[in-house]
Amino acid sequence: MQSYLLAKDRLDGFVSRLADRLTVYVPAKGADGLWSFVASGSAQPPLALTPEGGNTNMPPKSFVFPRTEVLMRFDNRAGEGGMILREEPVPAGRAVLLGVRPCDAKALAVLDGIFGRRASGDASGEVSGGAFGADPYWAARREATILCGLACNYPCPTCFCDQMGCGPHHREGLDALWTDLGESYLVTILTERGRELASDLAPAAQADLNRAESLKAEAASLLTGKFPMDKIAQRGVLELCELPLWAELAATCLNCGACTHVCPTCHCFDIQDEVKGERGRRLRNWDTCMSGLFTRHASGHNPRGDKLARVRQRFMHKFKYIPVKRGEAGCVGCGRCIKACPVNIDVREVVRAMNEQAPQTPEGAA
Amino acid sequence: MNNPYLPYPARLTGVREETEDKSIRTFRLELLDPGQAGAFAYVPGQFAELSLAGVGEAPIGIASSPTEGQELLFSVFRTGKVTEALHALAPGAVMGVRGPLGKGFPLGDLKGENLVIIAGGFAVTTLRSAMVWLLDPANRGDFGEITFIYGARTPGMLLYREQLATWAARADVACHVAVDRPAPGWDGQVGFVPQIVAEAAPRPENAAALVCGPPAMIKYTQPVLSELGWQDGQIFLSLENRMKCGIGVCGRCNVGPYYVCKDGPVFTKAELDLLPKEY
Amino acid sequence: MAPRYVDLDKCIACGECAAKCPKRVPDPFNAGLANRKAAYILYGQTVPLKYAIDPEHCIYLAKGKCRACEKVCPTGAVNLDQTGVHRLLQVGAIVLAAGFKTFDPSHLDYLGLRRAPDVVTSLEYERLLSSSGPNRGHLKRPSDGAEPKKVAWIQCVGSRSLNKCDNAYCSGVCCMAAVKQALMTAEHVKDVADRAIYCMDMRTHGKNFESYYEKAQAQGVRFLRSRPHTLGPGPQGKGVRIRYASEARRELILDFDLAVLSVGLEAPRHFARLAETTGIAVNDLRFAAAQDLTPVASSRPGIYVCGCFTGPKDIPQSVVEASAAACAAAGQLVLARGAFVPETAIRPVIDVAGEPPRLGVFVCSCGANIAGVVDVDRVAGEAAKLPGVAHVENALFACSQDFQERIALAVREHGLNRVVVAACTPRTHEPLFQETIAGAGLNKYLFEMANIRNQASWVHAADPAAATDRAVDQVRMAAAKAARLRPLSEPKLSVIPRALVVGGGLAGMTAALELAKQDFTVHIVERQAELGGNARSLRATLGGQDVAMHLARLRRRVEEEGRITVHLGKVVAQVEGYVGRFATTLTAVGGHGESEVVEHGAAILAVGGQEAKPNDYGHGKHHRVMTHLEIDRALRFGSLDPYDVGSAVFIQCVGSREPKRPYCSRLCCTHTLKTVLYLKEKNPDLRAYVLYRDMRPYGERELLYQKARELGVIFIRFELETKPWVVVGGDDITVYVKDHILGDLLELPADILGLATGIEPSDAADLARMFKVPLDADGWLVEAHAKLRPVDFATDGVFMAGMAHYPKPIEEAVAQAQAAAGRAGALLAREEITLPGLISRIDAALCSGCGVCLAVCPYGAISRGEANLAEVNEALCKGCGLCAACCRSGAPSLAGFTDADILAQVDAMLEDHS
Amino acid sequence: MTREAFSPRIAAFLCSWCSYGAADMAGVGRMGYPADFRVVRIPCTGRLSPKFILSALRQGADGVWVSGCHPGDCHFISGNLMVRRHFTLLKNLLEYVGVEPGRLHFSWISSAEADKFARVAADVAAAVRALGPASGALGALIKAV
Amino acid sequence: MQTRIVNIRAAAKAALEEGLCRVVAGYAPGAIAMRARPVFIDKPEDAGKLTWSSFCVGNLAGLLTQAAKQASGRIGVVAQGCVSRNLVGLIGEGRLAREDLYVIGVPCLGMAERRKIEARYPGRAIIAVEESEEVFVVRGKRREERMLRRDALRDNCYTCVQRNPVIYDALVAEPVPDTGGGDIDKVAAPWEKHPPGERLAAFQAAYANCTRCHACRDVCPLCYCSTCFVDESTPQWAGKTGDFADVATYHLLRALHCAGRCTDCGACESACPQNIKVRRLTSKLEKDVRALYGCQAGMALGESPPLTVFRPDDPQDFIK
């Protein structure tokens, strides 16, 4: 593992040199006051990789898993009763995201497992998935996107990454981790393709490394209020499903998609055809388990027909089902959903209750 | 790399009206690419996404058996946009098939056992596949007694009537086909599936049951089987969640820790009993 | 019957005959202002839309040469050898509705009709304004084609004058016609400079007429109280110069760009012969004679008369009388009812449920009408490529009889379950093709038309390629919709052959008796303790018939009629059900006592109105300040003796035509005239004054006005701003009024002061709500259409009669009662009614019960049902689709025009457009 | 596409009782007007939810024309009056977000006014032609597939 | 503010004790600063959980219809001016019944826009915000700042026309001046000032970040359709994508569906995780409704929504 140093006043130059080779996205503040990743050319210099409020408003998930993605195109006009299907090529250009927070990188690593890319982050690694192999669209975009992380020195009140097997200086899923040392960034290379970004940087000194270590410890110490989650693993699916908590949440949950849309690990999608005349396309769109339509059958039958089942699904999926399947939670503790929820449902409280809440007392019991 | 979202083009070689209410049609499909047709290896109980460009996809259980050759059979109940469009297709039309998907009945693991196949209404489709596979000379010897119990509302609502007749004529199948409401000319059994199961009283020893049918049938058949001494691990059921991607990613068919499309659709009753009733 | 020279069964109204006909003829429909051909249709919306040959002008029929029309007719419909036929019809009753003609003022030199080109009659002006008229709605004056900016109307041309035209009566309709034309002129002429109406009185006495008159005044239309004495050409022979005397007797001259003579209505000469042939009496005015209390009965039993055949009247009253005459005839024919109703055959029906669409598309060439412009082969070729299309066929004439058989055959041979015909317009031909496919066993709603003639080939002849593109698209749209169509049923509803009449006044009783005559049972519910209503106070009808006697006779007949049940002292408390099947609960006034439920198929609301109580002019302060009814009662019971009256003063429009009660009560002027004449007849020395704003004795009532003036009654006009005032001191009544012409203040001592107070509606708010019928701002019941459906409500099965609709004299109330009975009877005579298939239904799964549909439905057809969700009453729904348009969640769907149906067409029209 | 070669596609929603009849009558009178219209017959303008107008624009219609009975003459009493408010708000809203006023047209044309029909049709076509294809200025609102 | 909290608790407690209602819908303190969360209280002893702050920016009227459906009995609800107007609207639309409501009315001082406060202190975590009638006290890790209420109000609250509840059974503070003071007609439709050719770009820019999470719809008390048009698949009015054509269709049609019914409560803007000014469309429509038909939603019981009625002389200049 090698580390380099980049003085902050040289950041703009570094980025613009990088931008000669590939598209660079950096966090920037928009007219609406929100931070988001924008192409470096359209960001106002001097660049500042640290968004106010700790992180970008939306996770960088959409760079790998866009809101709307074409899977194929078809043309029914050609040929007798024929159907021409054309696989949609994934855009080829490579990009680097500069300033990705460790939680968001970890989220992509979690999704790698679900979409079928090997979680190690090594691009040359094998892929695994269903009988058909990995999701080719995910894989291709993931392949083309280099992630340079920016360690969190000042976690927010809504952050609980340490709770979720992550942390302010966590490295999983990243190709390089940058640490803000005040006047300069410490650039720690984590993968081969991370290395090519640092070719013209000066190596870091041990003092810098030490400084980063102490910042890491300091950041970790700022995250307080860790809570136990062990019982969730021990409790059965049905026991968890029957906790009184879900009815409490369902009373005020709006079943909107705010939490799932801002979530770096939510990945459910819908496949839809769009057609005009004989031509059309098949695409996938972000979907949300909060929507009643998500599971509704054409017949009208709905396996999760009420709010309770739907609000429960989101938390059970993240904190029970994915852990059962993959050995890690489907949440990275970024805290976005806490801020986004219009009725202020706090995922931490939910998880705590999943862990601690006593089962529903049967009707009539004391 | 193989793109799992891209359907195989297939030609519709036959369409058959199955029921008197015209709600179910059986489609016979032939994959256009011989290579893909050869690679389409499936077992009874698996499903495929039938894909109509511009309309969408519908997950449908495969009704044919791999022992029948490369043509695929799908019996489709008309209930939504895609199935409606499917029903409007005439032989010769070209459409898409994506599959085989999911895990079928674990017939390989059940060799040497007696099998009871219980079907209600139009859920008989994948059980047809299982029956044809089991009765194939290559496989029949691997299994013990085979009991086939199938009920529908009326005689006109029974699927695969010719096939049922050949099964009934065989000595190596105990065939019980019944209807809830008889019609003139019906000389078979009358009664609901749970009743017929109770009358047939299949023995649980060294046996497995494959059960597909409407929720009410499943609900009332289970106590009958329990009464007869069947264990939940011996009973195999097939779920019908709204499967979209078919490869365990999109999340719609998630029930408990399972993705029905990938981990199912066939589950034992024992497995299902540990899940919320979100199917 | 005169020959038409065109076979009605063969004519497809393609218009080729007219196009080729070499003979141009002045078009009478356009008042001779434009030409048509000798082969012609009367006007564009003629029903049936079939051509005819005018034998007076046809070159062949006149000179024996030509036959061009016969040669070009693509269907062989022209038959110039047709001859007239005599037919003998045996009938049980006759209705004469021979109409009127307009007065021809061309012989009245002073009106300048032939001397000044820019003087036109009101009928000619009507055509000039019409978008289907000679100038296609561009207003041009005849002299030079310039747009007139200053237009004058001269009222009472051919009316209210014995000297000039022998028509002493008022034609009743011309004032409103002039106001309408004045308002419409501004719609045609952007910078209109002057609109002046020369009138004696403005007679806007109909329902909602007064507000229209006010609107005209507000828009600056001038109303000049004068009858011009000379109209002549303006400078350079253009425009019109009008000489007239002002109200203050000053001679004035005004120039206009155009002048319109508001010509009156009169009986044509041939009425005399018709009357003679039919053996009915005519009156002094040369119209058919009828009595006030039997307004549609001619002098000969079994022959009924209606409309302007009995005297000038407006559209609503004509329509009322038409229904009344039908009612009277129906009463006479009751024993033969149903005798000629044809049996309908039962047809086999193909069940298409669950079938994927199999469309047949039939592309019509309409001879050369379509194929001459549109490439019909391309249309057919493109149609064949459309999804679901199983069969495509071209037709020379899709509407021909043999092609109907082709369609039926194709349905059978190709197993078609939807049919699209690309041809002319569904407005005329949809029923034919629907009948064809129904004959072939398909539900008639599995049909759709693409209009590629009227809306493609005929209008895009200049660009055949574009016309073809449009035709291809319209067919694609029709096919997209057709593929979605579902069979629809037309539910049948059995009818309870019983009527409920609410209100036991003259109108209510008359209606009930008419229905009883037609053998229906009737329940009358009357709030008061006895029958009779306002008529109990009235003395005599316009024509002098004794009201009291008539009333007594009516009451006796009602009481003796076994089919009529009378509920006195009762009111309607609740109404359930709908057309054909109402269940109405009656309770005693005040709600106490037992209630009773009457089941009935129709209801007639005849709850009347009453004389308004005046609160000024000293009423209540002096016993001789009296309303009309008070005077009538006093005269009847002898408490007022005309010989004791030296001076009688009447004030008109008491409380009427004022902001609080803005309408004209229609009958008070006549009532005053009748009273004053009665007084004058009894006591010729009596001095009588009538203070008025406009005297409105319309129609033959004008004769009373004339007679009153002859007898020396003094009429003094006042304006709303200068109303008279009354001083009551001791025994004396003194009326002060400012003479409008002289400007002097007149002091009129009065022994009696008659106040014409107008009529107010009964409070019908609850009743209207229960029967789901509307009330207007003044409290009158609102008819389904002011002109064409004057006794119907928009709500089926409910009708109105009498003064609850609007103030009216007895003869009109009787006619309206008969009309309502006629309309109700036509409904009750049916064992069942067939409801239309194209109605709305609510998908309960989508409905959230917000109530928008309930609020917007014009028919009150939607109510809250189970779980508070919306429910459509199919008996009330008319299929407008407002509910579907206004619902946010798409719960209502209008069969044949569902969201998906319309969207399918939108998508289809744009699918190849980027 | 050049302005000259541009033949717009205009969705015309015509009330069956009046304007559709006027269109038929325009045919009877052989009154020519541009062939840019594709007519959807509706039972009443009251049936026409703003959704259809938006849908037409979404699908790339260059213009939309809605025509019904004159106020007071609605076959269904008040369908046109009730829906008039919807049309008003829709038209204002669409203009507010940048849809040119010339794309959207409303008229009251009775079945007797064939001439008015032809005249308004010509006006509507001219207005839409002057604006050019909707795929130009309004491309963002058009659903691309 | 403290008076309001105390009185809300007291009113709720009394109502529950006296059986005036079965449950009270109100707000509890949020889990983090500048948030409040809706809560249903059904025991008098829990009334102390209720609170009130300028961050109660949702709209309880919407949650209420769901609660009203689930159980019988009277429901209490804490409502300021706009929310009470929504209650009136929902009563008119048959979603609620006046007799089934116990309205604890709150004269409103205007609600806070947390993003304006955050923007004032960029890069600094805000731990808590306390408030008085005039001032917000913003507490960070190390320091405390004061910000005037009038600088931190939500946009809609500046131009509020009804700050006091229009219906209530108990009032928890003295009525306040009835309007927010601004002129809504001046700011309701900002794009009207743009030349026509630039409006579409403004529209596009405003909604560019919409991900179609539909929070604006789901928080809106007017949006209670069992299936929203945007989720309808047959027929499909809007695609499911994030393409602007679909985003635009969603927002335009939703706004039209709210026309004449919207009380400008601002919940949609507060709920949007992308800070989209969702009111751009709805407030334009309400402006037109006011100007053309003289209506404002929910001001009095028994009024017909303007799109369910008409006047014969309604403006129609645009109709040929």
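To keep things simple, chains are lettered A, B, C, D and E as they appear, and every chain counts its residues starting from 1.
The working rule: contacts are C-beta pairs under 8 Å (C-beta built on N, C-alpha and C of every residue); 3 or more make two chains touch, one makes a residue touch a chain.
These figures come from a predicted structure and were not determined experimentally.
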Labels of chains that are neighbours to subunit A and to subunit C: B, D, E
Required minimum of steps from subunit A to subunit B, each step between chains that touch: 1
Centroid comparison with subunit C (C-alpha atoms), farthest chain: A
Contact-richer chain pair (by C-beta pairs counted) among B-C and A-D: B-C
Nearest-to-centre chain - CA centroid comparison: D
Subunit D and subunit E, separation of their C-alpha mean positions in angstrom: 36
Distance between chain centroids, defined by C-alpha means - subunit B, subunit D (Å): 52
For subunit A paired with subunit E, centre-to-centre distance based on mean C-alpha positions, whole Å: 31
Shared-contact residues (touching 2 or more other chains) in subunit D: 51, 55, 59, 78, 82, 86, 143
Per-residue multi-chain contacts in subunit E, two or more chains: 227, 229, 234, 237, 239, 243, 307-309
For subunit C, residues contacting two or more additional chains: 845, 856, 886, 899, 903, 907, 910-911
Complex contact set, residues of subunit E against subunit A: 30-33, 35-40, 58, 62-63, 67, 115, 118-119, 122-123, 125, 127, 209, 211-215, 217-219, 227, 231, 239-243, 267, 270-271, 273-276
Residue numbers on subunit D that touch subunit A, as the complex places them: 59, 143, 145
Subunit B - residues contacting subunit A, complex: 1-7, 9, 52-58, 79-83, 92-96, 101, 240-242, 244-245, 247-257, 262, 274-279
Residues of subunit C touching subunit D in the complex: 13, 15, 44-45, 130-132, 136-137, 425-428, 451, 453-456, 458-463, 466-467, 469-470, 473-474, 477, 784, 794, 838, 856, 858-859, 878-882, 884-886, 894, 896-897, 899, 902-903, 905-907, 909-911, 913-914
Touching residues on subunit A, where the partner in the complex is subunit C: 276-278, 300
